[in-house]
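In what follows, chain A forms one complex with chain B and a second complex with chain C.
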Partner chain A sequence: MADPGPLWSAALLPALLITAAAATAGLDAVLTAGAARGRAGTVRETASRAAAPVREVVRLLVRQPRRTTAMDVTLLRIGVVLLPTTAVLAAAVLPLGFRAVGDPDIGVVWFNALEALAWAAVWLTGWASNSALALIGGYRFLAQGLAYELPHMFALTTAALGAGSLRVGGVVDAQAGLWFVVWMPVAFVVYLVSAMAMAFWGPFDQPVGRDVSGGAGAELSGADRVLFFGGRWLLLVVAAAVGVPLFLGGGHGPWLPGWAWVLVKTAAVLAVLVRVRHLVPAVRMDRYTEIAWLVLTPLTVLQALVVAVVVLGR
Partner chain B sequence: MTDGPLFWVLGVSAVVGGVSVFRFDSMARATYALLFSLLCVGGEVMLLGLDYLGVVIVLMMTVEMAVMGVFMIMYMMNPAGLTPMPMLHNRRGATVISLVVLAGLTAGILLVPWPSRRGRPPADATEQLGLSLMGPQMLTMMTLGMALFATIVATVVLATRRGRYDRLGDGLGARHADDPVRGGVGR
Partner chain C sequence: MDLTPLVRLRRAALRRPAVLVAAGPGATRVRLAVERELPRRGWPTAHGPADADLLVVAGDPGTGHAEWAAGVWDAMGAPRARVAVGAAERVADALDEAHRALLAACRATGGGHPTVERRPQEPGRGSDLTAHRRRSPGAGPQHGRTGHEEHTGHGTSGVAGAAMAERADDRDGLRLDRLHLPLGPMLPDWPAGLVLRLALQGDVIQRAAVETPPPSAHHTRPAYWDEPWLRALRGETVSRGAAARRLCAAHLDSLGRLLAVAGWGDAAARARSVRDAALTDTPAAELPPLVDALARRVRRSWVLRRSTAGLGVLTGARAVAAGATGPAQTATEDGHGDVYGRLLAWLAGAERASAESADARPLDGPAARTGPRGALDGPCPPSRALLDLLPALLDGAEFAGARLIVASLDPDLDGLVTSAAGSADGTEVRGG
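Moving on to the complex of A and B:
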């Protein structure tokens, strides 16, 4: 670890992430309510709609929790707690401005490793519920994950390759002149798509989809449900936020200080991801798998080749 | 300063995780106990200053154990995975084998003349690792890569029931593959 942030930043990070997740969930709630009941007439109504996720959390916490027969409580707890934990730990390498809680040499790999742990968390939750639909949800996530993990890894690799560093701070430094999104657009788009998929969000929400009555999270209630779905929102926020130092220049930008730029860019990426959920229907995975293997993987390999040639030619 | 206690905590946790693999009678618990043990090993490698190798162990073992757990539970138990199943088989043979392996490894630790460190650790261990793997060993790595890839393709070819003649006809001349599920790129 080189030049880690101050100790209080580690305490601040979860609070910041939870605030961002609540804001994102609020935006999503406003859009959902707007689609169902028309535009909100007043500011007060909009605020009430935006507070829906908070009300839902309170409602879940005070209600009597429900248990299925013979559920594996230990594994369920591990799965449910692991999901938000991996999201927060993955965010440890995220620079707010130019300082992260920790900026290890291998930050990009660290982020990817913790994303993979989130797979395990979803499967554990689905399996431990002892319910067929939850089990199907858990299985789906792992089976589908294989289709989006490879393009995702190539996209991450491309950014690291362009900077010549696996350190997230190093990737940000390399974008002082030109943002990576300008000369690695394919990697950026693939990153965004697979980041949504990693957070089983939007068109990729089949693991918790309606056709399996909520899938992996179907049987969760009370605090378990808050942690699991809260962890999903955290994962989405972190996945979007990591796109900023990797492709959008991190804290680089005119006029504003670095941390403000990171917040603005992250909010913009999150807004796009939330909009995508409302604009794009669920992707059929049998189709997406073929697209992932036959289109996205070769494209990302080509993108990495272009970047490698540019880096070698410097 | 914290490295010493951390070493022991991770080491003992890894052993406890490894032992519990054989204590659990649920395949899911056994799989994830093994993953826990391997994650602790990854932590130990990071303590040695090899951050990249440590995190790669965490990444690869997580994906590997997650996928393996799915297949093990799918093929070895009822689909919901709720029938308990002991993890111990061939007790006598396994005991003998593991004792011999343990004795061999211990003897190795005690008898091998461990070299003392020459020079200083590199500033960037990851870069050093990449150079030493991809520099003089490039040919080995490429051969290894091709062999692994060939193995994967061969396994899929052996495992799949429908070959390309089923999909594209006897002369392989069909314009569209005859697949039960049409793919996403419109073939």
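Moving on to the complex of A and C:
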């Protein structure tokens, strides 16, 4: 199972991720419109609401580019392109079924490293816009990274520890009998929370929050905006999808083939993450840092300890 | 009409344009009408000029508002269109006209995108019909860059003619860059017309000063949210039900802003739709269940309480000293006095008011003198007291907290121009 996927799978990966992101954005658009205008009466109306993200992309692409004074165009381009690139590269270790585009020995670390690269992407975008609100958005994401990363890394470590491998394929193999979520529930919940935080999504969307007029993305228009916010959707999809091989048994499951199980489980995780955005207001980072460091970090350390003891006793 | 495929695509893409509403002083009624109309059409609202196709300018000219709006307009990329709306009844027509203008603006391709400009006119006359074409200034890649920073609170530092940030001691005794930044008046979910002059270090506010627009000569109408009480004070007969509906809607409007700033878009949208129900002819019996359901949902949120409690604490003594009388002051009596306490005071006020919306008795007694933001027969308008309280509450606050504090006080700048003492003949009592 360790052998990498065929070359064409690397070409297919971005298309698959974009499709998943569009579907997720469609679901979110339906929920958003439902809150503002009430439930859709007809199927046609629902479909029209779900198509809003696609309309939005076309609308942005026909717009003329605009610049703010003394904008650092090079840095901005790097930041804006880095975000979707990061997401796609991180997805390379994702097994669809039991085969990923690549399954390196340090797959879990690869994912974690690329996710940290997203910090750079958001910060560069916020900085390069040369606008105070965009800069504040960029700052916020760094503060957010500081807050969520510690418990997040312990959650990743716990899964790797349980499998005795940093290879994502190895983590999936270790769950043939029992899914990790069953005996590592704390790590799984913390992972879901940090999945939202790394994609600055839902309660963690303050880096691009409405109170700073869109924050790091405030000054983006046209294709830049599509890349940046599209990159965020990709990141959300990838973050949700990585939770499946790490905690939800990857392709393991009865009746269906492995790839179908992965799709079903990923869709379920995404649905939960999208729903959370509509149920929970934004978390202010100064308050969340307290919870992350004083509550979540000790809890995840404790979880890792329990897992370590079980692994040693086997 | 001969359309190239590119133009066709552009027109299709702009079928539902993103709208930026620039609501200035005196435009509450128009803003409410626009906020009702946009979801009905399924048109998205823009966060700022970067992603806006249409600019809707509502407000009295002569208050400096038009200049701010022009700055926002300059910061928008083509294709774009703008429209000035003076009367709530004209909103739907004005949006249609602006949309037609936007589609027409798409037709031109190449470097100079012609845009349609509509000049603001006198209030109460509806939108301006005399659209004319002009070449957008500086079309091309550098398009729409000037004035933007100054006018929307997006400041610059460094090169290109702007001053470098100076340094100053921060709250922890370090010497850090300090940025002077005007905040407002055209931020989303921001009190119309309010400008805060901030000295920022990172995202910590060192100093804040309130700047309010000069009162406009055109501004003769009573403030929308205070209207029933002002009329009652003038001796007109106003039913308690009508006043209760307005009070309920005023609190829900403030609540919608606070929830939007707190990053809870769904609840904010809900608050606004219940607000619209209170303002339109929804039967009185149907109103309380709507308000109660919203209030329950908001009170249940642990995250909201956690991120707003303990923020912007106002002591009872300070509230009284500043002359605050409305929910901001009652919140101090209940022992909270923070952002969350003021939010709870609005919820309680809206629930009480929604239960009274069928009361046909005339408005009298102390209730006849107290509008949504406080007593209207006091020495100064209630929103003036709120504005006076702002700078001290903002000192040392982080940006996110500051936005929540401003939203939790939600001063109504229209209420500065007209108050009970001087509104009978429409003269201004006290301005900024």
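Heads up, the rule we're going with is that the second predicted complex is superposed on the first by the 312 of 314 C-alpha atoms of A that agree within 3 Å, B and C clash if a C-alpha of one lies under 4 Å from a C-alpha of the other, contacts with A are read in each partner's own complex, and residues count from 1 in each chain.
Convention: contacts are C-beta pairs under 8 Å (C-beta built on N, C-alpha and C of every residue); 3 or more make two chains touch, one makes a residue touch a chain.
Since the structure is predicted, the reported quantities are computational estimates derived from the model, not experimental observations.
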### Task
Could you say whether A:295 touches chain B, chain C, both of them, or neither, answering first, second, both or neither?
first
### Task
Identify the partner contact of A:117: answer first if only chain B is touched, second if only chain C is, both if each is, neither if none is.
first
### Message
For A:7 in the superposed arrangement: first (chain B), second (chain C), both or neither?
### Response
neither
### Message
Under the stated touch criterion, which partner chain does A:37 make contact with: chain B (first), chain C (second), both, or neither?
### Response
second
### Query
Regarding the shared-chain residue A:132, is it in contact with chain B (first), chain C (second), both, or neither?
both
### Query
Should A:70 be classified as contacting the first partner (chain B), the second (chain C), both, or neither?
both
### Message
Going by the contact rule set out at the top, does A:284 touch chain B (first), chain C (second), both, or neither?
### Response
both
### Query
Does chain C touch more residues of chain A than chain B does, or is it the other way round?
C
### Touched partner set for A:309, first chain B, second chain C, both or neither
neither
### Summary
After superposition on chain A, the chain A residues reached by both chain B and chain C are 70, 130, 132, 139, 284, 286-287
### Message
Give the list of chain A residues in touch with chain C in this complex.
### Response
31-33, 35-38, 48-49, 52, 55-56, 58-70, 130-134, 136, 139-140, 203, 205-206, 209-214, 218-222, 225, 278-287
#### Entry: Contact footprint of chain A on chain C as seen in their complex
9-10, 12-18, 39-40, 42, 44, 47-48, 50-51, 53, 75-79, 106, 113, 139, 141-146, 148-149, 152-162, 179, 181, 187-189, 200, 202-203, 259-267, 269-270, 272-273, 301, 303-304, 306-307, 398-401, 403-404
### Task
Write out the stretch or stretches of chain B touching chain A in their complex.
26, 28-29, 32, 35, 51-52, 55-56, 58-59, 62-63, 65-67, 69-70, 73, 79-82, 124-126, 181-185
### Summary
chain A residues touching chain B in their complex are 70, 72, 74-75, 78, 104-106, 109-110, 112-113, 116-117, 119-120, 123-124, 127-128, 130, 132, 135, 139, 142-143, 146, 149, 166, 284, 286-291, 294-295
